[in-house]
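These notes concern the structure reproduced below.
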Amino acid sequence: MFDIVGFGEVMIRLSTVNFQRLEQATSLDVSLGGAELNVLVTAQRLGLKTSYITRLTRNPLGRLIEDKTREQGVDTSHVIWSDEDRQGIYFLEFGALPRPSAILYDRKNSAVSKIQPDMVDWDSILSQTKAFHTTGITPALSKSALETTTKALSTAHQKGVQVSFDLNYRARLWSQEEAKAALSPLMQYVDILITTEEDTARVFQIEGKDWKEVAHKLTDTFGFKVVTITIRETPTVWRNNWLGIALKDGQFYEDRKYEMEVVDRVGSGDAFAGGFLYAYLTKGDIETALKYGNAAAALKHSTPGDFAYFTLEEVENLMLGKGGLRISR
Amino acid sequence: MFDIVGFGEVMIRLSTVNFQRLEQATSLDVSLGGAELNVLVTAQRLGLKTSYITRLTRNPLGRLIEDKTREQGVDTSHVIWSDEDRQGIYFLEFGALPRPSAILYDRKNSAVSKIQPDMVDWDSILSQTKAFHTTGITPALSKSALETTTKALSTAHQKGVQVSFDLNYRARLWSQEEAKAALSPLMQYVDILITTEEDTARVFQIEGKDWKEVAHKLTDTFGFKVVTITIRETPTVWRNNWLGIALKDGQFYEDRKYEMEVVDRVGSGDAFAGGFLYAYLTKGDIETALKYGNAAAALKHSTPGDFAYFTLEEVENLMLGKGGLRISR
Amino acid sequence: MFDIVGFGEVMIRLSTVNFQRLEQATSLDVSLGGAELNVLVTAQRLGLKTSYITRLTRNPLGRLIEDKTREQGVDTSHVIWSDEDRQGIYFLEFGALPRPSAILYDRKNSAVSKIQPDMVDWDSILSQTKAFHTTGITPALSKSALETTTKALSTAHQKGVQVSFDLNYRARLWSQEEAKAALSPLMQYVDILITTEEDTARVFQIEGKDWKEVAHKLTDTFGFKVVTITIRETPTVWRNNWLGIALKDGQFYEDRKYEMEVVDRVGSGDAFAGGFLYAYLTKGDIETALKYGNAAAALKHSTPGDFAYFTLEEVENLMLGKGGLRISR
Amino acid sequence: MFDIVGFGEVMIRLSTVNFQRLEQATSLDVSLGGAELNVLVTAQRLGLKTSYITRLTRNPLGRLIEDKTREQGVDTSHVIWSDEDRQGIYFLEFGALPRPSAILYDRKNSAVSKIQPDMVDWDSILSQTKAFHTTGITPALSKSALETTTKALSTAHQKGVQVSFDLNYRARLWSQEEAKAALSPLMQYVDILITTEEDTARVFQIEGKDWKEVAHKLTDTFGFKVVTITIRETPTVWRNNWLGIALKDGQFYEDRKYEMEVVDRVGSGDAFAGGFLYAYLTKGDIETALKYGNAAAALKHSTPGDFAYFTLEEVENLMLGKGGLRISR
Amino acid sequence: MFDIVGFGEVMIRLSTVNFQRLEQATSLDVSLGGAELNVLVTAQRLGLKTSYITRLTRNPLGRLIEDKTREQGVDTSHVIWSDEDRQGIYFLEFGALPRPSAILYDRKNSAVSKIQPDMVDWDSILSQTKAFHTTGITPALSKSALETTTKALSTAHQKGVQVSFDLNYRARLWSQEEAKAALSPLMQYVDILITTEEDTARVFQIEGKDWKEVAHKLTDTFGFKVVTITIRETPTVWRNNWLGIALKDGQFYEDRKYEMEVVDRVGSGDAFAGGFLYAYLTKGDIETALKYGNAAAALKHSTPGDFAYFTLEEVENLMLGKGGLRISR
Amino acid sequence: MFDIVGFGEVMIRLSTVNFQRLEQATSLDVSLGGAELNVLVTAQRLGLKTSYITRLTRNPLGRLIEDKTREQGVDTSHVIWSDEDRQGIYFLEFGALPRPSAILYDRKNSAVSKIQPDMVDWDSILSQTKAFHTTGITPALSKSALETTTKALSTAHQKGVQVSFDLNYRARLWSQEEAKAALSPLMQYVDILITTEEDTARVFQIEGKDWKEVAHKLTDTFGFKVVTITIRETPTVWRNNWLGIALKDGQFYEDRKYEMEVVDRVGSGDAFAGGFLYAYLTKGDIETALKYGNAAAALKHSTPGDFAYFTLEEVENLMLGKGGLRISR
């Protein structure tokens, strides 16, 4: 029995060192990256049991992905293996004011983009979990990935599994029109929507005078149980601020603003989702869930890689303002 | 005016460090690799003027490829640029007895595989060169790449340019039957065939009691001016031996056998071709050309990367047995 | 249900780079090392389900050990966690003729040395496995570790679990007399003894004119079902040879001798045990088991780290003499 | 035909890692550094054709310099090669408040310091370019380097080539008196002077109540067509601000102030010159040229190495305020 | 004859790279760390003659510690060597807002914790020095270390050697009660107390409305000749401020506040002590001593490792406000 | 009081990694190299007290050299410091059959090449030592270095200090004629000549039918007390053999031949001299001295860097054939 089952793509992440541009690189650091897996990793590290559904190629890169997934404790027993296809790759270079960080995707024709709805036994898997999480990236990968996402979401919904969905619009994968057409019908299956004001505007053309209004409109339009909206302020590349709010049953929840020195901001939105879901599923309290999500997102900025290398105790200490910035000995 | 124009694919090469398996990698070394470019690099370093035709994507990886190509002095002014597509990648792990080194290709749908015959002004480019070099890899990339290769070879032939062709059979790209069907018609344009006994058997089913017989049969069948055959002996992974012979006008040429400690054997066949073409074009003497080719191939094993980082003086010293193995101070 | 449960210590392994002496080190590579875990990793990679019993400290090093264990697919759900104590460390420097490689242990007072027999629910765990594996290192760690090993072995024996034991004498941990006194009573529970001539002589003072005689004497003395003896020849530090034989039911089994270029020989005896157990449990054939063991041991020498980074297919190809030393593309 | 020909010294740059002091270094990063080449690299990357005149030693370091120069697309066909002498080296360590970054020069007796006026065919080379660029460093290298610079500048001037000169006073190379005596006579050949208030005061003892006054006095004294003055504010070592202004035909041009997080500030003044010259030569508009220069200088701070690893599009996006600090995907 | 003899533990320091968590580490940087040695290193670099007393194990790690100690010029001829025991280790990970840096100690049962009072010839050694320095860490290591510290301090006091003591409370080593009981009787031998408000409160329960009051109370209670109190402000992890004050003969001394960009703050308190003692012993002036101490502490933040890699000239330039933040060429 | 005082140049050694050519380097490893210092380091590590005389520049590179010298325990209190000049540098690339390793020197105008005879108080220093060691490199550095060497040697001789001299001909520094003219007059002061057949032939034109004859002729010509001749066999770059013989009082001494896997052969001749001198000075027995010398030379090949990172125990174990090639645990 799992707490969360996730579904999506995980890529090989190749990042430059010492702020090099990719064009300058003579070596690249290797890790994994993928929005849905990132969420599971955070949730798993905080204490949940998670399982990740994806499709991998039976070659060293596919095995590397499985290895690094289960290194985090995330179950890989439901991964689909292919003897064809390739693993998606993304290249990352870190920026400095006034140059933003940049990602170059090389993910076309990946094994998971060739997934078919019936490759996964959704009925069985979704009978073994409390929650299901995916994002707006997965259906954008291909027509069959959209079909598979649809099947997964509808099955989860039908089984009473809590469905969490991060809107995550990716302009490289599809147009705003395509995204809207594909994603709108899926929203009926979603319980918890995790998004930003920008993505909401780009995908659903839903805007408002503030984020509260946006959250209300989203709830009104699609009937979500919970909507969370997160905001990143970027005074510089190395200094960011983080805020998140939630709306549930017409009630707004807010939390403190976090200031961060940015080691690696990739995956921090996913850490928010992972922290939020952890607390939502274990504490049941939306206000608490929001606090865990925000603290997890803030902490994620301080560690390299997509994954959130912290413990439950560290997240809770930060929420409680314990410890400060002295060296922890 | 160039001495050699080459045509083919160059990939981003990502290699593991310290004999790690790819599955273990936490960082990868970045360089370039591509059979045709490797040949040009050797020829250029020895003193020729070369230009490389390929198709690259206008992104950091495409720019990296152009940079590292012109770093070697190879002209890139005739490269075709694409706003679509991707750069091919190959992953390399170094072996140790009893584990051979291994390459994992991720080259499908690369920019050059989408090349069309008329993207390049073959008439103009091939009017500016003494020789043209490509390999059996390029036509294997796609149907349009085969058409483009055909156009390039026939144009070169018609213009009286010396045509050099390395048979280079790649089982991952096509079957032996496909290779034979595609390559046989191209052989009429080829002056210098560079090959091995294995590739000859696999592509043309031409075999013999020894390599001399194979070379004769090749000449008889296709009418090449020059045929070279190279042999690698692999007593272990870290120790290899190298031999090459040539056949021209019915006369055989042989040279000494080289023993090597293997730092990186990838690209050594291409160094042979580059050394051979350098001396063939500048000295005109097949026996001398063979000696340059073999010495270049042997030396290549001692340097990391596909490219042959040596000077003309070093190749000639090795041919002449100068210097020995004392530290050169 | 597991195929093999293992029990022992796993240490943080800190190894020098580029043949540096430890005294020269400015950075150290981090991985794991532990004889029993190494065996499980090989067996798991070849296809078995394994679980590892140890005691870890709830700190970043303990978590690192758990992470890297499950990265290999080995189950860690039965690990015992401590809020006290430390993780053992071993430092490794790589040699070159005439300097052997060297290990410096810093393993005293590790969490697992403080284990008590009743910290593990042996009854339950050993009801879920076909085989149990440990080594002569574990009982040498402390008095309570010896008691725990005794309890584990006797329980396994009583439950009809196949018991595999690698004699692995460690002179740093105890004297030959101590080892003999502690280990002799344990041998009654052992079905499969994995050892070398040297260790047999040192621990049990059992010697013979050849290894066959040693194996016979071992079987006669302790009544093992299976005895395997492995031999390493060390012509140089970078070139070793490997042989292994087995005795079962009075019948000897031999296999070819493997020659290796040595990247990292640590863990190759464990790879033998892992390969042997894999085939013994899945094929049931002692001759086949020996072949898998030897091929796994030989391959292990070619990869850095204690763990055997290869696939079932690679082991089988080596056994069958497929592939040779050409670059695998 | 070139857009800009540059003349000067390029050194091997050896920089420490992770903010180590040079005294602590166990490894050093290798790249190139040289004020004039840096300018060409920026101009070339933005779209111009450039050629670099220097004198190099025919050894691996000399070849490394040529390689890395043409890697950037800068022509090296007019480099003078020496069989004697050495390559200059500079050591760089990166600072942190309150410790500034530091450079240790080891450049005496370099090949280019031994250059003689007639080693270069100035007549021919300067007939093939629109602009010529050098700095106050080159004539400071040696007496013969001063003579060569004089010949180059006077020839360029006489041929109607646009002459750009960066004052760049280096106290390690000569005194203020020596600099004034040597440089004053050269100013008659200069069209575009690039400088700072500090250098102007140190070399020409020209000061003013603000930079406008300084620029006016410079123009009045030497009759430059264009004067640019740049200012760096250094609130901390990791945070700098950049401003640049220009004076032409009595008209002042100003631009926004840029804030930067500093990865590597070496070469940013040169990036200004490169950006300025690019736009000055291609757009002809001094206001636009200033904007390109400032944006190029600001961006340069974000990448390691003397060279400005960015594209024309990135510079223009920054000028236009496009993109912001979100991750560019 | 030495200026300062120090006594304490020095550990192998293993630190993560690129802000990795220890749990993520694949390699660790190796250096030394130890509060007392750090003080000597600063004093030695500024110009004093120092000798370090500790107990080391005769193995590669012990030798590494001796090597790196004498690399700094600190005398090691009085080190005690053991054939048993181990070297303490500490693991360090660097933080980023909101995650503080963290240290994991693995120092139990180190060679120096087993030291006995009579292993060192205190009479002889303390006859050869002007000052003696140790900290509150050393007596916390073990009962015998406390006894040895007591003997060292009382002998020094009796011989009229200036005794300097940094209170340095370590909660991992003992409770506040244990510290108070052990340290209070030692204070009678101390001339110069170096401390912080936090440590004073934790060990002696001495608090005040400001640090002046704390210093007065300390002097009143224990009769110190000199008390220094230092304050670190931590607006973020990468930006800290530093202040230090001193009280002598009822007179307060203050100095400017330093702002730092933090590369590595470990050892900066020790750099303060080293700078203070250097100037106190050579200039005799408490105000000057304070300025050297503060400047040394500030500079230390900018270099990696526990040791303060700067020169006397750099410290004095900073004190005098010379140089600024321009690149020092 | 010292056992050996050495005099010569020590350079910053910058070596490439992973068998890269220098032209390919993106980073270089930093260490020290210098024939005379290498000898002292070996002798010091084996148990002698040594002091090194050289001239260094007061900059970070000079300090780095002092640091790394005293890291080895070698006294640096007699080093002469200069505020001018530079440190010599040598670049090293490692070879592989058929490419030899190569060194590029950049040592002209180093601080020590500007040394004057009276900069060192030879009378005083040479009154404090049993032996003095220098090589044929030092007098080749400059005219004043030759004068200084002459003064040092004659003073040592006159004081009855044992004088050891390694002939070490360097063709980059002077011609054979120059070497002969300069070195011949110095030989009268030499007690122990350490050389090879090649250097003897090149400098003194002394040759023979075997090395015994050469040693005899050297003794006859110059009246040395001891002559040692060493031979390196180079079957490949990664495998070398080592032999050394000695002649004293008309008696020849021989020893076993050592086989080595070569990590870094630079400095192994110096390790021979250091081992020889150690045993010659402490055991007084020429046969034993030869054995220590040869074992030290053989072991040196297995460690990176010019310095011989081994212990007395390791050298003696190798001489006695203890330990073999098993992992030392």
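Order as written gives the chain letters A, B, C, D, E and F; numbering starts at 1 within each chain.
Just so it is clear, a residue touches a chain if its C-beta (ideal position, glycine included) is under 8 Å from a C-beta of that chain, and two chains touch if they have at least 3 such contacts.
Just so we're clear, the structure is a prediction, and the values are computed from it rather than from any experiment.
Novice: Taking shared residue numbers divided by all residue numbers at the interface, is the value for chain D and chain F over half (same) or under half (different)?
Specialist: The interface of chain D with chain F is built from mostly shared positions.
Novice: Which of A-D, C-E or A-B has the same interface as A-E, meaning more than half of the contact pairs match by residue number?
Specialist: A-D
Novice: Relative to chain F, which chain's C-alpha centre is the most remote?
Specialist: A
Novice: Between chain C and chain F, what distance separates the C-alpha centroids? Give it in angstrom.
Specialist: About 45 Å, centre to centre.
Novice: Quick one: chain A and chain C, Cα centre-to-centre, how many Å?
Specialist: Chain centroid spacing, chain A to chain C, equals 40 Å.
Novice: Out of chain F, which residues touch more than one other chain, so two or more?
Specialist: In chain F, residues 21, 23, 26, 63, 67 touch at least two other chains, as defined above.
Novice: Chain adjacency by touch: line, ring, star, complete or other shape?
Specialist: other
Novice: Sort out which chains touch which and give me every pair.
Specialist: A-B, A-C, A-D, A-E, B-C, B-D, B-F, C-E, C-F, D-E, D-F, E-F
Novice: Show me the residue ranges of chain E that touch chain F in the complex, using the header's touch definition.
Specialist: For chain E paired with chain F, touching residues are 63, 67-68, 70-73, 311.
Novice: Please give the residue numbers of chain D that touch chain F in the complex, ascending.
Specialist: Residue list for chain D touching chain F: 14, 21-23, 25-31, 59-61, 63-64, 67, 86-87, 89, 91, 93, 104, 106, 108-109.
Novice: Within their complex, state which residues of chain A touch chain E.
Specialist: Residues 17, 258-264, 298-299, 301-305, 309-310, 314, 318, 323-329.
Novice: For chain E, which residues count as touching chain A in their complex?
Specialist: Against chain A, the touching part of chain E is residues 18-21, 23-24, 95-103, 105, 170-172, 234, 236-238, 265-266.
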